[in-house]
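Both complexes below contain chain A, partnered by chain B and then by chain C.
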Partner chain A sequence: MTLQSTKFSVPSEKWKYKSKRSERTRSAVIFIASIFLLIYVLAPVGWLLSSSFQSEAEIVSVPPHWLPHEPTMENFNAIFFQEFEEVTYETRRKVDPAAGGYIPSTAKDLLPSMWNSFIISVAVVILNLVVGVPAAYAMAKIRFWGRQASVYTILTTRVIPDIALVVPFFLVIKNLGLLDHVMSLIITYLAITVPFTVFILVSYFESLPDELDKAARVDGCSRLQTLIQVFLPLARPSLVAVMLFAFLTSWNEFLLALMFTQTIASQTLPIIVASFTSDFTISFSFINAAGVVAIIPPVILALFFERYIVSGLTAGAVKG
Partner chain B sequence: MSGFYTGLKYTLARRFNYEARSAGLFLFPVMSVLAVVAVFPILYSLYTSFFNLKLTRPHRVPFVWFDNYVKVLSDELFWESVMRTVSFTVMSVVAILILALFIALLLNESFHGRRFISAMILIPWAIPTVANGLLWKWIYDSGYGALNGLLLQLGLIDKYVVWLGDPDKTIPLIANAFVWKEVPLAAILILVTMKSIPVDLYQAARVDGANLLQRFVHITLPSLKPGFMLVMIYETMMAIRHFDLFFLLTEGGPADASHVLSWQIYVETFRNLSFGTGSAMSYILALVTFALAYAIIKMLGRRI
Partner chain C sequence: MARILFDNVTKYYASVKAVDNLNLEIKDKEFLVLLGPSGCGKTTTLNMIAGLEELSKGDIYFDQQIVNFMPPHIRDVAMVFQSYALYPHKNVFENIGFGLKMRKYDTAEIDRRVRDAAERLHIEHLLDRLPSQLSGGQRQRVALGRAMVRQPSVFLMDEPLSNLDAALRISMRAEIKQLHHSMQTTFVYVTHDQAEALTLADRIVVMKDGVVQQIGSPDEIYERPENLFVGSFLGNPPINLLVGELVSDNAGVIFQKGRFKMEFQEEISTKLQPHIGKSVTLGIRPEDVNEQGAAVPGLSVSGTVNTVLPMGSEQYVSMTIEGTEAFFRLGKEHKHKGGDNISLDINRNRLHVFDQETERSLLWG
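Our next item is the complex of A and B:
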């Protein structure tokens, strides 16, 4: 089948475009479309980035400066090195209130919250593997009663909107005594991410031949040995994908963190960033710098592991 | 104790063979996590929806049968927020499908820089919703935002507009921010479907004299149906439950312009502290998403 179609598709490429002119039109259309697409995707982020390097005086200019005329690192210095004046009632009065223009004392919370986000995300990734991999393997390769039902059950838990579950989630967390503790978010994020992990891994394990499983079992491997020695090494691309998804979901989650965290002991980066946006006294450029700080880690991960993400997102989604 | 243990082991060994036992063992961790942090909350939420539970008077919690549902369904504000959710969802999903189709068509061609572009479109997908919210809030900003600046420089407006302050524009503007973040995933899913269309089909059509447009309408679009369906259902689910942008950009305002269903649930539960009616609304929303999800799981799970 594949052989036949390649045999026909190779010569077809040559007469695909009738003339030089239509080839040129095609390139032009592609070029223009690419430019539009890049602008659509990158311009909003670029504008955020550009305004995070502007001083307060510059950011309030009308019309806006698309690129900073005098780039400044003051916002990032405030976030990473705490180089800012403590704002007190007296110093705050010196600032022109109309222009906002100050860096909040909560700027020092950004790094700890980033650390919280990091700890939570890494823990969720590890727990996802520990809990999700055996389950996915069992569902894909072991024939047992209730197999199909368990796949559906796991997927169904992700159907109910989070907003509908916040109250009972809150109750569970409170009874476990975990309010305002990173554990509260680790547990709930695990429950949020693990269905997707299981789903992706099940479809991957299913695509591996059953003979592999049988051969290992005949050779005397236990189920656990078969999983660890035969299937895990083969599943590396899928494992990378599910680790990324678990990490990104945990890093980005907002609603549950908003409900369960109260102090910097457990507040995550999105919560601290969101707390700036509703305060009109805080400098716009500072808020944007905080946004940039929140954006950079997931964007780097996404670009670095683009291949794995695309294959993971499409795993099993469409019959290939 | 050890006697009990060996006894238990013996019973288990007799009841279940090795396969079933290892399956049980492998599934136990995930099932226990989900039981505590997913199944219990879902059932508890259902249970709460039958009680008149208000945190403002926590000591009297009467069982009210379906009163909460009746109350919610006969509330005008509920239906208004449903209508807003519907318009937000329709707007977003239509825009996502159209944009994603064009992006997929572009990325399906082979040209220099294709890999660069397909990497770049992942950026909106990867950024946190909070960053997405603050990004668009800043773009729409009435005093110093990029949208005003750009439109003024292009001469399309003659003075700055308070974008998010206009009730007619709020939902489309939030939908725009939502679409921007959701479109990459949709484009990737449609692209995969597109790549699975056999080349032979196009060749046969070409031999039969079909032009580019005819090939697109008669081959590409029909073959994309599964991808479209998947994206449509998934994005509908995401849009009707969406909360973050409404919280970050407008908090339901101005007036009630962006008071959508998810915001209504939030207000009812956490501002009015009326957990009973809040849970009832949640369950209505959940049932709708459940119906959609049933379709999606059926589609995805065909191979499992």
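Our next item is the complex of A and C:
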């Protein structure tokens, strides 16, 4: 009884001070969780990078070497200088695959295919802007008959899976005589990316007040000048987001490229990289080196536009 | 170019009729105020002058020229928007100079005019700031400056003061009036604030649901409202309205509501003669009374004070007349409190009578 009365009569100081210990525990938990997440995300990339400098023999060693013990430039030399012995049907058993030195016969196509991918991606990005920006402005700020319908229609096309579009696309491309031509991919990638571009930009432009548009027009801008002088500078983060999206989609696309391309005249990077697995032998280290080369352009882009990416993706959603 | 003529102009948004058969001549260099409650079509009317909205029917003339489909960047108009609509990515200088830049003025001229306008608006020291770094009053000045530098022949303003606090609003009214005086151009000014309209306007256009209710000078609008809406929209506190009947009496035509009676002056009485027996609304403005000693039936209102609302320089007393609460303005020298019995002499020159059915004034219009 006495104990209880003291408990109530002496005010507890439990909540008077911030507990240092719980503060520290919390930071530690967050820190450790972040480390795990980072490892989870970055480990495959790290392995890709590390193994691209390893020989085929080292790559299969148990336990794996996270840092190459005998770094080799063999794979990169093969990509950049075509320094390798071509493996043919006859020579396929000459060397033990585990000893390395097997470079796929299509290795020489890697750089040309990368160039194709680059041309296609850049063209898709530019055409996305040329088509998507005015379309989005019109849908956001000009009232015309069927405006809502066109916004929905454009979005709806993205619900259809690409695989369902392969046959119709193929027929169109074939009739245009564009099979095995980079144009075939530029055209079809536009069909895939423009809806997203328009969607992101429409929602951003709609978030800008109508009076801004009116002010510019009263100030002497035509519709096009309003778009260029007022809306585009404000939309920069959104523009970066859609450009990156269009670029990466084109850079990574596989299915349509597989359908429409046959030779190195139009084959893209994913097609050539995939072909490395279907040669007489498979060199994992070489494929990983090709993978490293393939991610360089997107990584450069991402680093370059880093500060716009997050704000761009949320710009339409959050007003301000 | 500065006379604007609306000739039977109608504007639909899909099925919503925003402006209904507008006929209006805006004279050169006049200060015209469009006044009405929210949603009555004021902004739409202004946008049609600017060319920001197309008309559904009718014609708009600038002087002798029909401009129905002339795009805004070709019209010589400037506009101040309710939200100011400053360009967020441009600093104050660029905001103000943008209209000149788009019209290909040379940089020296732009510089001169922007600095000139900035000086007149007392914002010279803000020219390098972005709009996000300005207070509401400063943004409002930038918006004014942006319109001023162009020296347009028509100056449009859409509720430019509605986002400011009360004190600033009053002082800006004076500045806008000053601006009109010095610019010597046609001003069309939109507001839902009757005090603003009465202060600024040469002429007021009262609108309701897209329909013009009355056009006239502030005095005409206030003192001779042509219908019940105009009468009750202007005035603060609003006009007191009593619903009753016109009956004949040995004093002529009188208004009667239960035991409350109000006689009219002879001139008015004659005007009302044909309407005897009609159900009408009597309007008494709160300021049209004087305190007097004895209650004279037919010439005064008398009753018990419900509440007293002191307003600093004056006071309002409320009393119930035949079930309707009415407010009257009295000078501060009268000391009243709730429960006092008072009688007030009505200024019978200034009574308003509206037909109960058509809501039109039986005295004017």
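Definition applied: the second predicted complex is superposed on the first by the 273 of 320 C-alpha atoms of A that agree within 3 Å, B and C clash if a C-alpha of one lies under 4 Å from a C-alpha of the other, contacts with A are read in each partner's own complex, and residues count from 1 in each chain.
The rule is short, and it goes like this: a residue touches a chain if its C-beta (ideal position, glycine included) is under 8 Å from a C-beta of that chain, and two chains touch if they have at least 3 such contacts.
Keep in mind it's a predicted model, so treat the numbers as computed, not measured.
*Asks:* Return first, second, both or neither, reflecting whether A:G220 touches chain B, chain C, both chains, or no partner chain.
*Replies:* Second partner only, chain C.
*Asks:* For A:V242, select first, second, both or neither according to whether it touches chain B, chain C, the two together, or no partner.
*Replies:* neither
*Asks:* Report for A:T156: first if it touches chain B alone, second if chain C alone, otherwise both or neither.
*Replies:* Touch status of A:T156: first partner only.
*Asks:* Touching A:L212 in the superposition: chain B (first), chain C (second), both, neither?
*Replies:* Second partner only.
*Asks:* By residue count, which of the two partners contacts chain A more extensively, chain B or chain C?
*Replies:* So, of the two partners, B touches more residues of chain A.
*Asks:* Pick one for A:P233: touches chain B only (first), chain C only (second), both, or neither.
*Replies:* In the superposition, A:P233 contacts chain C only.
*Asks:* Taking the superposition on A as described, I'd like to know which of chain B and chain C A:A123 touches: first, second, both or neither.
*Replies:* So A:A123 meets neither chain B nor chain C here.
*Asks:* So chain A touches chain B in one structure and chain C in the other; where do those two contact lists coincide?
*Replies:* 222
*Asks:* Sort out for me which residues of chain B touch chain A in the complex.
*Replies:* 18-20, 22-27, 29-31, 33-34, 36-42, 44-45, 48, 102-103, 106, 109, 111, 113, 117-131, 133-139, 141, 143-146, 149, 152-153, 160, 180, 184-185, 188-189, 192-193, 196, 198-200, 203, 226-227, 230, 237, 240-241, 243-244, 247-248, 262, 265-266, 269, 275, 278-279, 282-283, 285-286, 289-290, 293, 297, 300-304
*Asks:* Applying the document's contact rule, which stretches of chain A touch chain C when the two form their complex?
*Replies:* Contacts found on chain A: 209, 211-212, 214-222, 225, 229-230, 233-234.
*Asks:* Under the definition above, what is the set of chain A residues touching chain B in their complex?
*Replies:* 5, 8-9, 12, 26-27, 30, 33-34, 37-38, 40-42, 44-45, 47-48, 51, 59-64, 130-132, 134-135, 137-139, 142-145, 147-148, 150-169, 171-172, 187-188, 190-191, 194-195, 198-199, 202-203, 206, 222-224, 227, 248, 251-252, 254-255, 258, 269-270, 273-274, 276-277, 284, 287-288, 290-291, 294-295, 298-299, 301-303, 306, 309-310, 313-314, 316-320
*Asks:* Per the contact definition, I'd like the list of chain C residues that touch chain A in the complex.
*Replies:* 47, 50-52, 71-73, 77-79, 81-83, 85-89, 98-99, 102-103, 146, 150
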